[in-house]
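Next come two complexes, and both contain subunit A; in the first it sits with subunit B, in the second with subunit C.
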Partner chain A sequence: MIPELGHYALILALCLAIVQATVPLAGTFTRTPAWIALARPVAWGQFLFLSLAFLALVHAFLVDDFSVRYVAQHGNTLLPEIYKISAVWGAHEGSLLLWVFILGGWTVAVSLFGRHLPDAVLARVLSVMGMISIGFLLFLLMTSNPFARVFPVPAEGGELNPLLQDPGLAVHPPMLYMGYVGMSVAFAFAISALLGGKLDAAWARWSRPWTLVAWVFLTLGIALGSWWAYYELGWGGWWFWDPVENASFMPWLAGTALIHSLAVTEKRGAFKRWTVLLALLAFSLSLLGTFLVRSGVLTSVHAFASDPARGLFILMFLMVVIGGSLLLYAIRAPDISRGGGFDILSRESLLLGNNVLLVLTTALVLLGTLAPLIYDAFGWGKISVGFPWFNTMFVTFMPLLVVLMGAGPLTRWKHQDPAMLARRLKLALLISIGGGIITALPWLSGSLAAGFAVALSLWLLTTLFASLRQRLQHKPGLRGLVQDFNSRGGRSYYGMLLAHLGVAVFIIGVTFVSQFDIEEDVRMSPGQEYQMGDYRFRFEGAKTVDGPNYRARRGTLRVFRGEREVALLHPEKRTYTVQTRPMTEAGIEPGLLRDIYVSLGEPLGNGDWSLRLYYKPMVRWIWLGCLFMAAGGGLAASDPRYRQLLRRSRRSGDLPAAAQGAGSHA
Partner chain B sequence: MRATRKKRLYLVLLMVVGIGVAVGFALNAFNQNLMFFYSPSEVAAGKAPAAHAFRLGGLVTEGSVQRQANGLTVRFDVTDNAKTVTVEYTGILPDLFREGQGIVAHGQLRSDGVFVADEVLAKHDENYMPPEVAKALEEAHEEGKASMPPGKTTP
Partner chain C sequence: MPAFVRYLAPLLAFLALAALLYKGLSLDPHKVPSPLIDKPAPAFSLPLLKDPGKTLSADELRGKVWLLNVWATWCVSCRAEHPVLMQLAASGKVPVYGLNYKDKREAALRWLQRYGNPYTANAFDADGRVGIDWGVYGTPETFIIDKEGVIRHKHIGPITPEVLRSEIYPIVEKLERAG
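Now for the complex of A and B:
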């Protein structure tokens, strides 16, 4: 009964989505206030029904209702409670339901926090989000109904993929989806501005905090996925340039370009057309990501064996969204007014460089990801693009971005005197080059790459420090800092500082782990010792242990440095009872400066095992850097000027004066 | 006004040249990093390059996995049900590697015709067949070479 209610709720949500997509939008053209006012209650209604549907599926998993096919495929009575819930989004149908549920959540959030927006703008934004919702609900109901029944009812479920039975992965998809779907808000703002024909700095200010929040979720989602791959797949890598990883990385790159170009549009009124285009691009890439993951067209760890009808639907949806929005752009773009001019050397031009580099790398990742499909379609052979290519591309282009990133905050808007900038940057340049050379000295690391990475990180650190000092010139001491932090635009600035610091941390992590890690596959008998680098590994054999829904062979290793024991590790090889597939659970001793990582290979007879031993210096800095970036984004999104806007407009009840003023000079 | 125009022109020129160089470099590197896929039948027909790495895919022949007594070197046969290629790999095989399972190996052909793999991939979903492998099996079957029925080819 409850699954049918869930199904019914989905159909009602679709009906409301259709109303939400059409009536308020028509109202903005015919200027009918009653129709415009319909947008918010309908959005809430839609979200209510989506929540009911989502809860119905969660309920079906919790009570092990195997008469529902999706639950029968991915649920199991033995699953721990938390994985019964995460199993809801463990496969295709449920994860789409999560997608559209999150979309409903974002829509409601926009309708609540967007009360300061002019009614017509809000109505258009909600309508566009309604259209996206229609697409996904139709997809769910037509090709992938999560509530479909199965007969005869199986006695036991097929269980969630054991790889996904992990706390990290239980939260990874919702985070990533929050980011993907959050990009739809920036998209909806862009489309509504194109529809309304009014694209000004106020528009940039409205969509900026939303884009930042979506970007924060995307950053966290990607970092979580990378961390999960590191400890769960058992081969110690943290990024594989897998098509699906790329699918989440492309919207991230485009989104990063977007938050920087939105800053220019808000502050200077420039880059308006470009910003709109980026907003369309970021969301289109999010949709493409969904398509790549769900259609199974690419060889990937994430690919599900799936039905071609689904791929076709998403492909058509993708074409409608991208084609439609580009058409609208083509019609409206000529009406968009020109922005403020700027010199060759100015913060605008450096941010333009940032955007060019980010879009270029997005295009390269897109090329590398889609090339196998293109080659196959033209009959040029079946290929894959080796990950060394992706690495080369990033090692080539990202340092340029970092150089710009350091200089940007020290450069003035509109016009910058080159001699003055050179004076400001001189010390930073000396320190970073010096630091780099010292690091690369043969008796320190002897690695050019490490020296280069240290130089880039020092460049970011010193320029950020110089920019902070310049900013606090007239606000001395800690009190000045606190005062500046709380000022209008303060959190934006400190958010930027934190996020760029995260990049410095990330560079160090990535370079050091790739330069200095040690990896060895060895065969060990119980009691045998093996020396690797500074560490001595003693294998003490493996024995069988039972988990709730699996049986494992658990190895014991003691790791010594000199005579001191530094770690006791228990890597496991699990066999899950239902899916009967082996799974490696690595034994990891984490640390800020190094991880020691061991995974079990296979039993080789006589108690011997093949083992994979790793020493991974500074690998944690990769995710630490991502956390800094995300925290910086969150800080920037919480800037008081977005809230002041809210308060002021609530008082006066119409368009905020500041936004109007900013719009008029654009 | 003219001065601004001129400046803007320089900026645009600078960008176009920069992007041009970057794209040229990227595409050149791209061509060198392309990794082609060959089925055992294609390898047997001599279509695979001798001095260049490529990917080989197919099913692991039942009963073919041999482990050397000391060390970690494994030998097994990969087949598309028409032709078979022997693969040698030193290291730890992925969890889902087993006989009868579809795999993709990455490596190079040695002069004795053995494919020396530096990486072996088996996919995480056991019902999932890498599309290249599924297609290679289908082709081998269609060409009438197959005496055995094709293996598990899920959509």
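Now for the complex of A and C:
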């Protein structure tokens, strides 16, 4: 009965979404206040029914209701409770339900926090979000009903993919979807501005905090996925350029471009067309990711049950959403006024460079991801684009971006005197080049790549410091810092500082782990020792242990550095009872400066095992950097001026595209 | 020329992409060119699932077109594929031989008893050795072997009615006609 109620709730949510998508929007054109006022209650109603549907599916998993096909496929009585819940989004149908559920949540959030928006703007934004919701609800109900029953009812479920039975992966999809779906808010703001014909600085100011929050979730989601891949897949890698990873990375790149471009539009009223296009692009790429993952046009390690019928539906949906919005853009863009002009050297021009590089990288990732498909479609054969291509491309363009990133905060809006900028950057340049050369010296690391990375990181550090010093020129001491932090725009600036610092940390992590990691495959007998680098590994054999729904062979290793024991590791090789797929659980001793990582290979008889030992220097810095970026984004989004300004804008109806002068944040 | 033509570029780029994606829907990325295609089927001789005393070998099957379906009871997709195999067997168009892969004999027999047996015979590959020779990297996989004992096609993943109609039947018919 409950699954039917869930199904019914989905249908009701669809009905409300249709109302939400049409009536308030029509109201903004006919100027009917009652229709406009409908937007918020309808959005809440839709969310209520989506929540009921979602809870119904959670309930079905918790009580092991195998008469529901989706539960029968992915649930199991032996699953621990937490994975029964995460199994809800462990496969196609349920993850799609999570998608709309989160969309409903974002819609409600916009309706609550957007109370200060002009009614017509809010109504249009909610209507656009309603349209997206219609598409996804139709997709769910027509091709992927999670509540479909199965007869005869199986006695036991097929179980959640063991790869997904992991705390990191239980929270990874919700995070990622918060990011993907969050981009729909910026998209809805852009569409509503295009529809209303009013694309101004106020629009940028309204979308900015939403875009930042979505970007924060996307950053966290991607970082979690990468962290999970690192400890769960047992090969010690953290990024594989898999189509599904790329699908999440492209909206992130476009979103990063968007938050920077929005800054220019907000401060200077420039880049309006470009910003609006980026807002459309970021969400379009989120949708494209959904298509690539679920249509089966590309092969990926992330096995989503793919189905061409679903693919066709999403493609039609993409045509309507992306095609429609780009058509609207083509019609409206000529009317968008040009913003303030700027010189060839100014913060605008550097941010333009940032945008060009980010969009170029996005395009290249897209090209690399689709290359197998392009080759196949033109009958050129089958190819796979691997690591080297993506890595080369990144190593080519990212350093340029970092150079701009350092100079940006020190550059004035509108016009920058080159000589003065050079004077400000001279010391930073000297320190970073010097630091890079020293690092690359043969008796220190001997690695050019490491020297290069250190130079880039130092460049970011020193320029950020210079910018901070310049900002606090007239506010000395810690009090000045606190005062500045609490000032209008303060959090935005310190958020930027933190996020850019994160990039510096990230660069160090990526480069050091790729340059100095050690990896060895060894055969070890119980009691045997093996020396790798500074570490001595002693294998103490493997024994069988039983988990709730798996049986594992658990190895024991002691790791010594000199005579001191630094780690006791238990790598496991698990076989899950239902899906008898072998899974490795690496044994990891984490550390800020290095990880020691061991994964169990195959038993070789007589208690011998093949083992893979890794020494991974500074690998944590990769995710630490991501955390910094996310924290920076969160800080910037919490800037009080967004709330103040929104309140004021409601009174005056619109905002002047006032520049706030040099020295303010980007 | 109206002003908005200049701004149509993103839309046009997207339409090109959409056309590519549309084309992509009818292509199958799983159709990885197996190195074994158009090569003689790897020889094997394995005990029969039903009767361990007897064996099935690839050589016995010379002179007819046949399918080798790799399956296991622990494989969920195989369960999904099973009704389609039943349909295929009922059509009588081509004999389906099974390679029961890394499985338990009792479980496999119980499966066939419960859901029906579409296989002319099943080879029992308990340790997956033969599967390795055939380049199996997941279940289910299905090979089409011609009268000369040459592998002509490989399908990865469950056979759907659609695959049966558009892929398996046409290839089998072509190979049958080939004399």
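Here is the rule we use: the second predicted complex is superposed on the first by the 644 of 666 C-alpha atoms of A that agree within 3 Å, B and C clash if a C-alpha of one lies under 4 Å from a C-alpha of the other, contacts with A are read in each partner's own complex, and residues count from 1 in each chain.
Rule of thumb we're sticking to: a contact is a pair of C-beta atoms (placed from the backbone, for glycine too) under 8 Å apart; a residue touches a chain by one contact, two chains touch by 3 or more.
Here the structure is a predicted model, which is why all the values come from computation and not from measurement.
**Student:** Who contacts more of subunit A, subunit B or subunit C?
**Tutor:** For subunit A, the partner with the higher number of touched residues is B.
**Student:** Contacts for A:331 in the overlay, against subunit B (first) and subunit C (second): which applies, first, second, both or neither?
**Tutor:** second
**Student:** Now for A:152: first (subunit B), second (subunit C), both, or neither, which partner does it touch?
**Tutor:** neither
**Student:** Looking at A:584, would you say it contacts subunit B, subunit C, both, or neither? Reply first, second, both or neither.
**Tutor:** first
**Student:** Thinking of the overlay built on chain A, is A:360 touched by subunit B (first), by subunit C (second), by both, or by neither?
**Tutor:** Touch partner of A:360: subunit B, not subunit C.
**Student:** Name the residues of subunit A shared by its contacts with subunit B and its contacts with subunit C.
**Tutor:** 296-299, 308, 382, 579
**Student:** Spell out the part of subunit A that touches subunit B in their complex, as residue ranges.
**Tutor:** By the definition above, subunit A touches subunit B via 161, 163, 234, 296-299, 301, 303-308, 341, 343-344, 349, 352, 356, 360, 364, 367-368, 371, 381-386, 388-389, 392-393, 396-397, 521-523, 573, 579, 581-584, 599, 601-602, 604, 610, 612.
**Student:** Which bits of subunit A are touching subunit C when the two form their complex?
**Tutor:** Residues of subunit A touching subunit C: 73, 158, 273, 277, 280-281, 284, 291, 295-299, 308, 311-312, 315, 318-319, 322-323, 326-327, 329-331, 333-334, 370, 372-374, 376-377, 382, 578-580.
**Student:** For the complex, give me every residue of subunit B touching subunit A.
**Tutor:** 4, 7-8, 10-11, 15, 18-19, 22-23, 25-26, 29-30, 32-37, 55, 67, 70-72, 90-93, 95-96, 104, 123-132, 135, 154-155
**Student:** Spell out the residues on subunit C that touch subunit A in their complex, using ranges where they run on.
**Tutor:** Subunit C residues touching subunit A: 3-8, 10-11, 14-15, 17-18, 20-30, 32-33, 74, 76, 79, 102, 162.
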